[in-house]
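You will see chain A twice below: alongside chain B first, and alongside chain C after that.
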Partner chain A sequence: MRMFLLTAVFALSACTQKATEVPPRDGTLKPVDMSNHPPIIPLPDPELQGGHVGRAPRRITVAQLKASIQTTTGRQWSQIDSLAASLGKADFALVNAESTEPNLVFAKFLEDGAREVCTAAAAADLTTPLAENRVLSPEVPATITDFSKIDAPTAKKNLVYLSTRMWGQPLSGAELETWSASFLTMAARAQVANKKKEAWGAICIAMMTDPRFITY
Partner chain B sequence: MKKDQLQMERRNFLKASAAFGGASLLGTLPFRAFAQAANLAPADRCFVFLYFSGGWDVLLSLDPRDPNVFTPDRVSETRILPGYSLLSNDSSFPTQVVTPTERAGAGPSNIKFGPAIGRLADHYDQMCVIRGINMTTVAHEVGFRYFLTGKEPNGSAARGSSTATEIVGQMKPTNPVPSIAYGIESYNDRYPGSANALRVSRANDLILTLSPSPTQLDSEIEKQLVNLRGQSVTCEADAYNTRGLVGQYRDAQNQMATVLGNSLNKSFTYADVATDPPALNAERAAVRAAYGLTNPINYDSAAGRAAMVGTALKKGISQCVSMNLVGGLDTHFGTQLTHATNQRAGWNAIADLVSDLRGSAHPKGGNFMDHTTIMVFSEFSRTPLINGTGGRDHHISSSALLMGAGIKHNMVFGKAGDINMAPGLVNRSTGLPDPKGMSILPEDIIATVLASAKLDYAITRTEPLKAILT
Partner chain C sequence: MLHLGRLLCACVLLSSAASFAQTNTCEPMRTVPVERQLRQLYLDLLGRPPTIAEYRATVAKGAIGEADIKELMTREEFYGRMKTYHRSLFRANVTASVYNNGDTRLSDTTDGAKPLEQRGNPTASLRGRNGQGCDHFIPQDDCQNTGLQQDPQFEGAATAKVCRDLNGVPMPVSVDYDATIFACTQLVGASSCAQAVTNNLLEAKYLNFCDMRRVSGALQPFKCIPDPGKPATAVLTEEVIDAVSGRVTAFAYPNPPANPIYTLLDRCTLNMTLRNGVRGSYAPARGCIQREGWVMADAPFWDTTGAAQVASCAIEAQVRPINPATMASCESAGFISDRSCGCGIGFRRCEPGSGAVNNARIAAINEEPLLIADSVLRRDEDYFSILTTRRSFINGPMSAFFKDSQGVGVLAITLPADKEVIPAIPYATDPNTFTEYIRGENAAGILTTPGFLYRFPTYRSRVSQFYEAFLCKSFVPPADAVAPNPEDGCNRENNLAKRCGCNYCHATIEPTGAHWGRYGERNAQFLKPEVFPKYDAKCRDCALAGNTNCDGECGNYVMQAYDGDGANSLGLLKTYLYRTSEEEPNINGGPKLLVERMLQTGDLERCSVKRVWQEFTGRSMSRQEEDMYLTSMVEAFVKDGHNLKALIQHVVTSDAYRRID
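Our next item is the complex of A and B:
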């Protein structure tokens, strides 16, 4: 308690003194002098802006998609260059603006690409002995070869990892429960059908074709 | 109208959601049920833009001259040599101007054609031929880009949007692939990407778009995948949808499900497949018969391409189809017979397409031709005189053909001069030659096509040819 009071008094005295009077010590940040700052204009009321402020969300470009696939799965979709024009890439000869519309053609080809890349990554994981070297299931102990035997906490841990990797935000709450339940169902089916790669592969496909993967 | 469409979309979405829900409960039939829950209806108004690449000889088709009047003896005076006698090596070509046989109930034809018009002459009662168009260029790229956009290019660089893009941008159809550009350029300078054409260079590209993914998962896992996509998203994820982006993507995914669920790729396969249902193979046989396709089917022939246009419109896949229908027309060298043969292949393919559309009932009433406007064009025509190597060079005057909805039928508008087939001045009210009249330019044709569907044609900066409009 005494320590807290001392700290508070010290902090209070620091705030009331002029910055020039106390030279900053090494490793400390000098407070910004706000006394002459121009008035800050608050953000517009979202209710008056159709429920939003700031710029509109955007679909990623073809170049961003290509980089995202490489970054998240460590491999590239073999058709992305040949389909780039259909996905919206401008050639600056006939089309001089990149189309970032999430239209039917984009959805169709992204689905194709996600399936190719994700099943390949999942297949490669099955032959990777060290769990930490796996792309889609690094949180699953390497001793588990039957994914239907993964317990729910482990499945959730890996789903949180994958969603963070794919979307930059972790799955949580009820949505995590839903994804976990779906994964366990798919894992059981994959084991029965002897298609082990489709367990985490399907989750990867679902995440890569999710709006959160293609928007920013 | 928009409200109605929104309600329809919402209804479809609810039907689809119900299919999802039912699938989740029953654990069976989710994907196909979902796909079939959504409608796939032909557009109320369809457009077809058919391009004859290389520059056509209008003497052989849309703007003939009587060889008994324009004789070789008068060439120095008329500067026109029809050259129909040079086709005599092939007895299937007439050597005189073609007057179509009267069609029952349509009255006699007001249009005469050249010997390469082929079977299309039978559909004179659906046509409006525009003659004496001043293309203002004899450069290939400039000419066809001018006709594609209705704006004279900057140098050879196109300006503005393709007419199909303009139409889709204004009409916002609900077809899964609103516009297809097959072997032809497509431009979009001011509309959202949803108005972009799906550009394909071969039939196989189109089939690839409509085909299921080559990587298929176990069927039960596919169901789980569909169910996962049907889940509501979190508030954080929903924030991305504040301006409809996620909703648009979800709609596209639903459209994809519709397209794949209806196996539309199979609609574009015209050869029988033993594992497919007999009804589907019967449908294919009908298409083969209608377009004269024989095994092995050449999908990238004029007939194969015309069949794809018909399929895209009738199945409700597209509202606009732009297509490079036929080539091999840039005949500076060689014989008149080569050009005539290539050109006739295109006209016969259009004849089969029109027969197919006329014979197919549209869900909104009438037949498909009652709901479809077809524009046929080339970048320019060929010189009315034959050059020293037996071919014809580039000529500035051309013709175009409009058919179908919104257009007056069995009429000719405009006229190329009887000396050197010069682009003339015409009275825009009557289409007759008038020294005080105006040139007919490509933008006039484009404005007319847009106006035929009551669309905004301001972008063409001209008035439509109102004498042509119904």
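Our next item is the complex of A and C:
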């Protein structure tokens, strides 16, 4: 609370600078003219509510997971209904609250599910002649059959597509570079092992088990 | 970053104060990118993430407007998502609340005429032991057929057999010795008891204890004597011999001590004994399994083969509403143990062994409150209609249940409306097809549905659920509550609303529970005032006579007294016990009156706002947020006519929802 008051006092001085016509100095915020801005709803004090001022991120429910897998890969994890209770689904007879804990059991089973659907989706892509009909690699020209020979811009373009599809958060910057390098390494190994489907399949598994897929 | 966040918070906070008048502020709070906001909205409102096409369309548009959110809330996926919300809120699952012991289920059989038969525990009172079916090989009404006789060596002439008693109740057509009491040894080398005697495999004096039993479908002779390997029957060593026939007619305990398990085991016959000497109340002879035959009966209501008739055990095929001798009703759970009742027309009182009928009923009961809430939402009605509306929905299994008085002894549910008002939907209709109808005057939204009444089986649990789900309150003693001294006389107060320590919560629970006072506990029956008056002199007389059961007619009345109030209340409907004159209107007002009262307090609105906030932001409102937002959101909710979609829109367009936490 003391920190909040100090901050508030500091902010007050920052916010009212324009009124006193003092020129901005380094390290101070520039006030914005809000005369035409719609009314602003005041923010609560984060310290009074455990650091939360916005929406609390949470793990998706089993129903949302099922719908997410279907929407993002176009196929369903065959075990999801039989594992629903272990994944946290409530029956409201004996278990009254849906568990959205990102626990190890959930992570383990999700990895199994991701392997199943991603491998199947990647395999199906290999037999899909039109690139735009592919689920995991629509940005890769259909003429490319050796994924290790994909150029970096094409790989990045597809990674941005996949991250948007999977997470709603397009990869960018240094993280995109890292994912691109990882993909090219995996694609080379998959080519050597003659398991081409594992190239984009591995990326799919990595994205489906990423916190950005299972939380929102 | 954290410091910057606090700085921005402080700026906006202060902007609402005097400094805001000078139109000076900091840069606006950063909210989530449009793709992430779209994913949040889709997962929260539709239960799925957006497709890539939906992402691209929104990114191209640049922002998600109120119209976009409104459009999302018109999609079928949204209504499915809200069904999930209400399933959680109502805890709509009575699977573990309805007790079905399977006694009324009929097994499919595979030999003989393959009749439908019940094989549960009640068959002990029908046939002599649990798990026993009828005779699959002898038609009930052809029991005098000599060629079908199973045990001619001790049954006597087939033509003398009695197929049915004077009221048409089926009598046993064959009998076996009970292998749990008798040790039966196959007489190998003979195909009949007479041949066994001829072949010196059996002494003639034991012909009454020679039992033709089925082995791999064929009858084979067995010698059955009281099991020498069991202490209770090993002592039956004295053979009681009939002087005329020279045959053993019983095994007796030579010098029995006081209260032995057995003093005598008679030979088995086709004759039944009368339970307590009451005519029409049959009991099997001890140690004997007495089986009736089979008949052809109209196909059961769950039959999908299209057959007009099916084979059934003769007892189960009966359709009587009452026992013609004792006049006892067959419309109670006791029908399954009464030889005169049967399963009724179309086997309406029974179920298939698969449990499919029970599962279909449970599913429909679970679905009803969700459909009530769904209909309110789809029509943009006042949200609290879910607690007051008479509108409801019914499908084939439940329509047949009500219309044909099915499920006797398993589900105790009062007709929700007059029979002619309930839509007539054939049982076989797709169970996902529900038809709207209007329930009786006492109906109050979800609060009087079987789903609610069974899920919360006592009036106290019903109050607790109502407070928790719709008022966001739970019954917890205050922090400064003091446990009473164990020696304090108030510990012996029977009225929990007054008992010290208990009264912290029960002073509210007991009078509130009276709103469900006309609904039975552990069932979904409405206790109509004309059938269950406030005071019943007959019940009082029974109670005074010490007959607290009163032939099962006074279960809802005060029949025992534990204090002065109780002594003065014998014969009073239980819900009236300890109720003051101010609280008694709660009983006839029902849950609807409770909702009307709570609407006047504003607690229902506040709780709904809090619940929707928690559902979509993933956390409950803090005290400060309540101070800042709750009143305005409640006012908006009221202004919108308690429109839930408008409330949801309000929450998902709030800064809190759109902010990165």
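The criterion applied here is as follows: the second predicted complex is superposed on the first by the 167 of 216 C-alpha atoms of A that agree within 3 Å, B and C clash if a C-alpha of one lies under 4 Å from a C-alpha of the other, contacts with A are read in each partner's own complex, and residues count from 1 in each chain.
The rule is simple: a residue touches a chain if its C-beta (ideal position, glycine included) is under 8 Å from a C-beta of that chain, and two chains touch if they have at least 3 such contacts.
Given the structure is predicted, the values throughout are model-derived calculations rather than measurements.
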First (chain B), second (chain C), both or neither touched by A:Ala56: both
First (chain B), second (chain C), both or neither touched by A:Glu101: first
Contacts of A:Glu111 with chain B and chain C, given as first, second, both or neither: first
Touching partner for A:Gln169 - first (chain B), second (chain C), both, neither: both
Which of chain B and chain C A:Pro211 touches, first, second, both or neither: first
Contacts of A:Asp33 with chain B and chain C, given as first, second, both or neither: second
Touched partner set for A:Met186, first chain B, second chain C, both or neither: first
Which of chain B and chain C A:Phe92 touches, first, second, both or neither: second
Contact residues of chain A, present in both the chain B and the chain C interface: 50, 52, 56-58, 94, 96-97, 169
Chain A residues within the chain C interface of the complex: 3-4, 7-8, 10-12, 14-19, 29-35, 37, 40-46, 48-50, 52-58, 60, 63-64, 67-68, 70-72, 90-94, 96-98, 161, 164-165, 167-170, 216
Contacting residues of chain A [partner chain B, same complex]: 50-52, 56-59, 85-86, 88, 94-97, 99-109, 111-112, 115-116, 119, 169, 172-173, 175, 178-179, 182, 185-186, 189-190, 193, 195, 198, 201-202, 205-206, 209-212, 214-215
Chain B to chain A touching residues, read off their complex: 158, 176-177, 185-189, 192-194, 196, 198-199, 209, 213-218, 220-221, 224-225, 227-229, 231, 233-234, 236-237, 239-243, 245-246, 248-250, 252-253, 255-256, 259-260
Contact footprint of chain A on chain C as seen in their complex: 3, 5-16, 19, 22-29, 33, 35-36, 38-40, 43, 47-52, 55, 84, 87-88, 90-97, 616-619, 622-625, 628-629, 654-661
